[in-house]
Amino acid sequence: MENGLKITVIGGGSSYTPELIEGLITRANELPVKEIHLVDIEEGKKKLNVIFELTRRMIKKAGLKTQVYQTVDRKKAIKDSDFILTQIRVGGLKARALDEKIPLKYNMIGQETTGAGGFAKALRTMPVILDICREIEILAPNAWLINFTNPVSIITEMVLKHTNVKTIGLCNVPIGMINNIAKILGYESKRLKIDFVGLNHMVYGKRVYLDGQDITSDVLNELAEGKTVTMKNIPDLVWDKDFLYALGMIPCPYHRYFYMADEMLEDEKKALNEKGTRAEQVMKIESALFNLYQDNELNIKPKELEERGGAYYSDAAVSLISAIYNDKEEIHTVNIHNNGAVLGLEQDVVVEINAVIGKSGAKGIATGKLPTNIKGLIQTVKAYELLTVEAGMSGDYNTALMALVSNPLVPSIKVAKKVLNDILIENANNLPQFNK
Amino acid sequence: MENGLKITVIGGGSSYTPELIEGLITRANELPVKEIHLVDIEEGKKKLNVIFELTRRMIKKAGLKTQVYQTVDRKKAIKDSDFILTQIRVGGLKARALDEKIPLKYNMIGQETTGAGGFAKALRTMPVILDICREIEILAPNAWLINFTNPVSIITEMVLKHTNVKTIGLCNVPIGMINNIAKILGYESKRLKIDFVGLNHMVYGKRVYLDGQDITSDVLNELAEGKTVTMKNIPDLVWDKDFLYALGMIPCPYHRYFYMADEMLEDEKKALNEKGTRAEQVMKIESALFNLYQDNELNIKPKELEERGGAYYSDAAVSLISAIYNDKEEIHTVNIHNNGAVLGLEQDVVVEINAVIGKSGAKGIATGKLPTNIKGLIQTVKAYELLTVEAGMSGDYNTALMALVSNPLVPSIKVAKKVLNDILIENANNLPQFNK
Amino acid sequence: MENGLKITVIGGGSSYTPELIEGLITRANELPVKEIHLVDIEEGKKKLNVIFELTRRMIKKAGLKTQVYQTVDRKKAIKDSDFILTQIRVGGLKARALDEKIPLKYNMIGQETTGAGGFAKALRTMPVILDICREIEILAPNAWLINFTNPVSIITEMVLKHTNVKTIGLCNVPIGMINNIAKILGYESKRLKIDFVGLNHMVYGKRVYLDGQDITSDVLNELAEGKTVTMKNIPDLVWDKDFLYALGMIPCPYHRYFYMADEMLEDEKKALNEKGTRAEQVMKIESALFNLYQDNELNIKPKELEERGGAYYSDAAVSLISAIYNDKEEIHTVNIHNNGAVLGLEQDVVVEINAVIGKSGAKGIATGKLPTNIKGLIQTVKAYELLTVEAGMSGDYNTALMALVSNPLVPSIKVAKKVLNDILIENANNLPQFNK
Amino acid sequence: MENGLKITVIGGGSSYTPELIEGLITRANELPVKEIHLVDIEEGKKKLNVIFELTRRMIKKAGLKTQVYQTVDRKKAIKDSDFILTQIRVGGLKARALDEKIPLKYNMIGQETTGAGGFAKALRTMPVILDICREIEILAPNAWLINFTNPVSIITEMVLKHTNVKTIGLCNVPIGMINNIAKILGYESKRLKIDFVGLNHMVYGKRVYLDGQDITSDVLNELAEGKTVTMKNIPDLVWDKDFLYALGMIPCPYHRYFYMADEMLEDEKKALNEKGTRAEQVMKIESALFNLYQDNELNIKPKELEERGGAYYSDAAVSLISAIYNDKEEIHTVNIHNNGAVLGLEQDVVVEINAVIGKSGAKGIATGKLPTNIKGLIQTVKAYELLTVEAGMSGDYNTALMALVSNPLVPSIKVAKKVLNDILIENANNLPQFNK
């Protein structure tokens, strides 16, 4: 890291990349980036090139000397990197559309990170991330893998269990919750802090603080009156008041898929009829974005990107990298080994919690015993995740079935088998482990 | 216990009692029972008397000197008892019918021990058992409370957490599984043993042994070919073959409500149309049984009782009492404090496991870490049970809502509220804790 | 805290107080202290007055408006305090001299915080701190009790187990280790960080970082070559090289009493002959300090105070208070509930670890499983501490005996009884719980 | 096991063997032994032959058809064995004499299973047992290794951690305690049961039952009045009354080395002067025994063997084998994986507890949380044992040093190094792992 950082972005051709580049530019004073390597696959070359050119224009406009590279030679890019970011989508948006549609056939939530859809995505993604990790082990053993690729919890679990790569799993949900709540209450985000506990896309805000003062009950009151905390891609159904007080914590937007499965399903079906799957909507947004990106005059992140859903991505990723590089001992919400921080889960599983971030990585902050009212759901989803890692590594049909059956969004063995069979057939090209 | 045992049966007017009496008669040589006290409530006096007279005839026919008493003065019966058995049904079969019907309105399993129905039954039963325990604490502090009253897991949890009564929760499911499997394989039951782990009505047979030899995979093969292990009151849907091999253990009959919720629901709806609720069927059976019981010539347990569903009840209860009294150090499957026997659940919660039974009570046999493929479901149901105990003790609406939301058979907050409101209204007379 | 803080110092007449006052003055810009209340007991009135006058002169010289009070009415001082610091010495230096002498009679380390001497001090101190806590519960329920009174581990354990007072136990050993190692290596202290794990006076530096880079092995090399990390009051015997490498961590100065018990004992015996007990030396130093303090011209902390042994006390205490008040989310090494941060100890015991400090208190950083090579000693000392809390609360002779027998520095039951009997007789006036 | 058992005794030339043979003869009706293979090393051939001939005479006199073999070809004997017993003494009694003498040089207990002596024995024994296990893995993978070789705790820990051999560690201390207490109280042994918890030679009787009734306090009263529970080889110093009541449990004879280290050391020194080491005494006893054994007329176990110290060895070993073979589900006290049975120790370490013994092996009975008054010592000794396994496997000097420093009987690093250096030199021939 002596003479500036080498940062490699796998899935560099993503429409999100300008957000990341903007973040690197904003923090240029504290993060001396020497090289940015944008990597993508053969099929993504065209988009990669668009992003590459835009990135160069952005860097130039910012007056930085950072070198930008594009390549489909992943190994070359990985070699000697300091930070490697993965933002890949195996099978592309077409596969995502399937993740959203297949479960709906069986009256289940179709969603790219939870339920049967997230399961399919996990199976597709695991072999690719595993390959990447094997390369990192050899070519950049000291690099940090900052993983944004969903389902973050499962991918991070796999990397920590089956490779020697140093990794931190990252998501924009926690930072989004802080910003949303700040907006609801009318405060600046930086005055708010939340004690998070749970798993990725299954994280609870246990306590909310304003300038260090516990204001959790104020926040619950606001939510009880109908204010919502959500993300671009999740319908903002209002939480039941009694439930909120019974919970005594702030649910994350994704919790709606579990606690309001019926309404979310209705909503999804309606949306499908009206505007197609979210994947299909995103295809349109992406297409429009790439049109913008190709504009040779464009040399900043266009506003339209915010529509895309990945708000705060840059904030989360670049500030994490900076906290590591500058040994800041700052608190971030990350996916790391439990290590005793969450009592009620095994010490060697991945959790999403607050952690102190510094040069030596992330050190989780102890949260004590899981409260009984969230314990069961978290424990169940963790069991599902562990079984999915096992299934994704082994390609074993029965383990995959067991994983699906263990998912709270899958109602029965019968349905699990149907959806599993569909998933295996429809994703066959991207599931080498099941086609040995 | 010096001059013979005093055994008190609360809910003595139950149609099951002759089964128990038969058990006591069969083991008269090892269990010197001096007095049997049959206790029931005012409304049950008539049935109580029928049972009392039949019991006296059975005892007489057996040539025993045991004194039999009937009373509605519970305290008098409890005083100085050695063993107290509870087999009560708060609200009677009418309440059970509601437990079976209310959830069905919302497209959920209606069942008296699991799901929303079991939840309602738990709320009704807790105050009564708590009163009984307060009496035992004062009038018979050394007595053993052998609790058969459902939901056994929740009731035992409450007694161990909130009273000083020595209790063991008992169920005929484990012994039924052994007998069923023995029948399937064509062996004598006594040659079979099973390592059980889980919770009441949520127990798995981890390993099955024939004369000490592990034959689990043989049993799985039989089940995979369509043989079923079930109880009188549970439809014997066949288990999916792939699921069974993925599970690698023997599910209990009640597991169908969780793993085959959709088919069970269909079955239940169909049954309701064809023959009414199970409660209604039982009312008929009971009525017929009591007709039989009134026959002054009858002095043995009539065969027809076996239709009733409580097979092996006598075996389980009387052999447990005998194992305690005679300090047998025999292995029974019981509901007791975890104490480390099941890693993955807290040490102070109730589990259903094999235990060594002797004069000083039950000592659980360590089962190690919960396997990942059953962990989530068990942990979730245990969290639900703990919340139900909390709700049943406090009468707090929000806690009750949280408990229901945490139950895997309840699909959403919305449905949970509806069913909770119905339960509170329909059972109002039997829920003093919610009507303070 | 709106209009400035009320800080109460119990044991305000201590010779250490000027160090604390200096700290408050240095941080006046971030810590708006409105009132300082110095409390002491009747017998300490004279010293209290000396300190009070010096404090006033120091505050005046610093140009601050902080009001300073002295009183023997503890309740009045506690009322509505924001921070309460305890730096008491029950029985005074005379009692300390006994703690140092009695164990030596039986060929054991005589030390005021570890071994039998620390045990005696714990028994004397517990009733007084308990009284203080009962007053805080009523008169200042929101106050933070910053406890410096030794043995910090046992006192904090008692406060957290038996009272509702918010407390953090604090010690200058961790900060001293950082400063010492920085000096050895020739770096500024603030560039060094250490991952601490263990108990008070039984804490290990697991990893040492320079600007975030792990330099533990460099530090071990320095220590292996004879550099020492110690405190004023502990002989700086050199650590065995092979042991250091086997340990792979940095022991704290007090660890010498456990790992080099034989040499430390010899050293202590020699010191006793040559210069009396440490208590006796301190009496002389104190006497000299108070002579200085009385000088009406003196309006700063005199340099001579540093000889006294409590270096970094001000740093540790005032920076902790400031981190709380200013919600800094800074990392300090403190004594708090384990809460899962140290796997291998129960979650509800007190440990000394790094924690994030903010307005809502201290949140421990998870350290994972205790390494096997330090586990036994830490677990044993924790068991000793828990038994001592039990003995100190109950005044039960047998529990006190069990506590002493469990202390690694007590060689046998026989010796434990002798030393316990001596302790109970010699400290009778200060052990009300044993003289009920 | 179809046509009778093949039992192999490694260290068959031991003077204890006739005790074992007697046990097999006594239980011939329940244990159909087809072949007994006595294995020993080249140097032990002569003794082996004496034992072989005596065994043959004993078998013949008993009228059994069991075939007896003697051999130095260990692999041949192991092949297809059903049960393999190890009762070896690496380095013979000469090495034991060193284990007893070396620590005494440094004023420490010299004992063959605890302290520095036991440590030396562990290092010598581990490589040999490891070799045996490697052979069992290949030649008799279904065999049970019943390990009597000391230190049983460490050896069993190593076998379970580093091999795939099914093993149970066994010791005559628990059965000896039951028999001793029965004698003190004047009851038949079979009426007494004890809940044991701890480690080998570090086991406590938590509760004692007579016919199932808790009589622990009666036993404590007897011990408090001076009755002693001991073994042939351990001086029967009387336990301090107050300590016993503080403990509230029954210590094992070996606990004297820890709780009465000073008196035991004095006793040992005195004994050394008067009659030499225990090893030297045993040499004489052995020599006398072998003289007896050679008598061609002798065809039963001679009474004199009881002097030797291994009372109840036959009882413990043969009844364990029978419980396995006959799937008895009987309770024995054994050394097995914790598995949650002892909360306060990791689940994958070896503990000495009561377990249910059947064909599938030993299932530990849950004992709950370790009581605080024994927790520290047990946890420390377990940490020492784990470090010793690590040192014995790796041959690493520093790990060996760390292990010794962690032993409660070793007072300091300084002494640990001295004794370690002596051990490594004096045992060099038997420590291949340290001489790579």
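Order as written gives the chain letters A, B, C and D; numbering starts at 1 within each chain.
Simple rule for what comes next: contacts are C-beta pairs under 8 Å (C-beta built on N, C-alpha and C of every residue); 3 or more make two chains touch, one makes a residue touch a chain.
In this text, all values refer to a predicted model and were calculated from it rather than measured experimentally.
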item: Topological distance between subunit A and subunit D, in contact steps; value: 2
item: Averaged-CA centre spacing for the pair subunit C and subunit A, given as whole angstrom; value: 45
item: Subunit B and subunit C: spacing of chain centres that average the CA atoms, whole Å; value: 55
item: Chain contact topology (line, ring, star, complete or other); value: ring
item: Contact footprint of subunit B on subunit A as seen in their complex; value: 240, 242-243, 245-247, 259-263, 346, 372-373, 375-377, 379-384, 386-387, 390, 397-399, 401-402, 405-406, 408, 411-415, 417
item: Footprint of subunit B on subunit D - complex, ascending; value: 193, 195, 207, 209, 211-214, 327, 329-331, 338-343, 347, 356, 358-360, 363-369
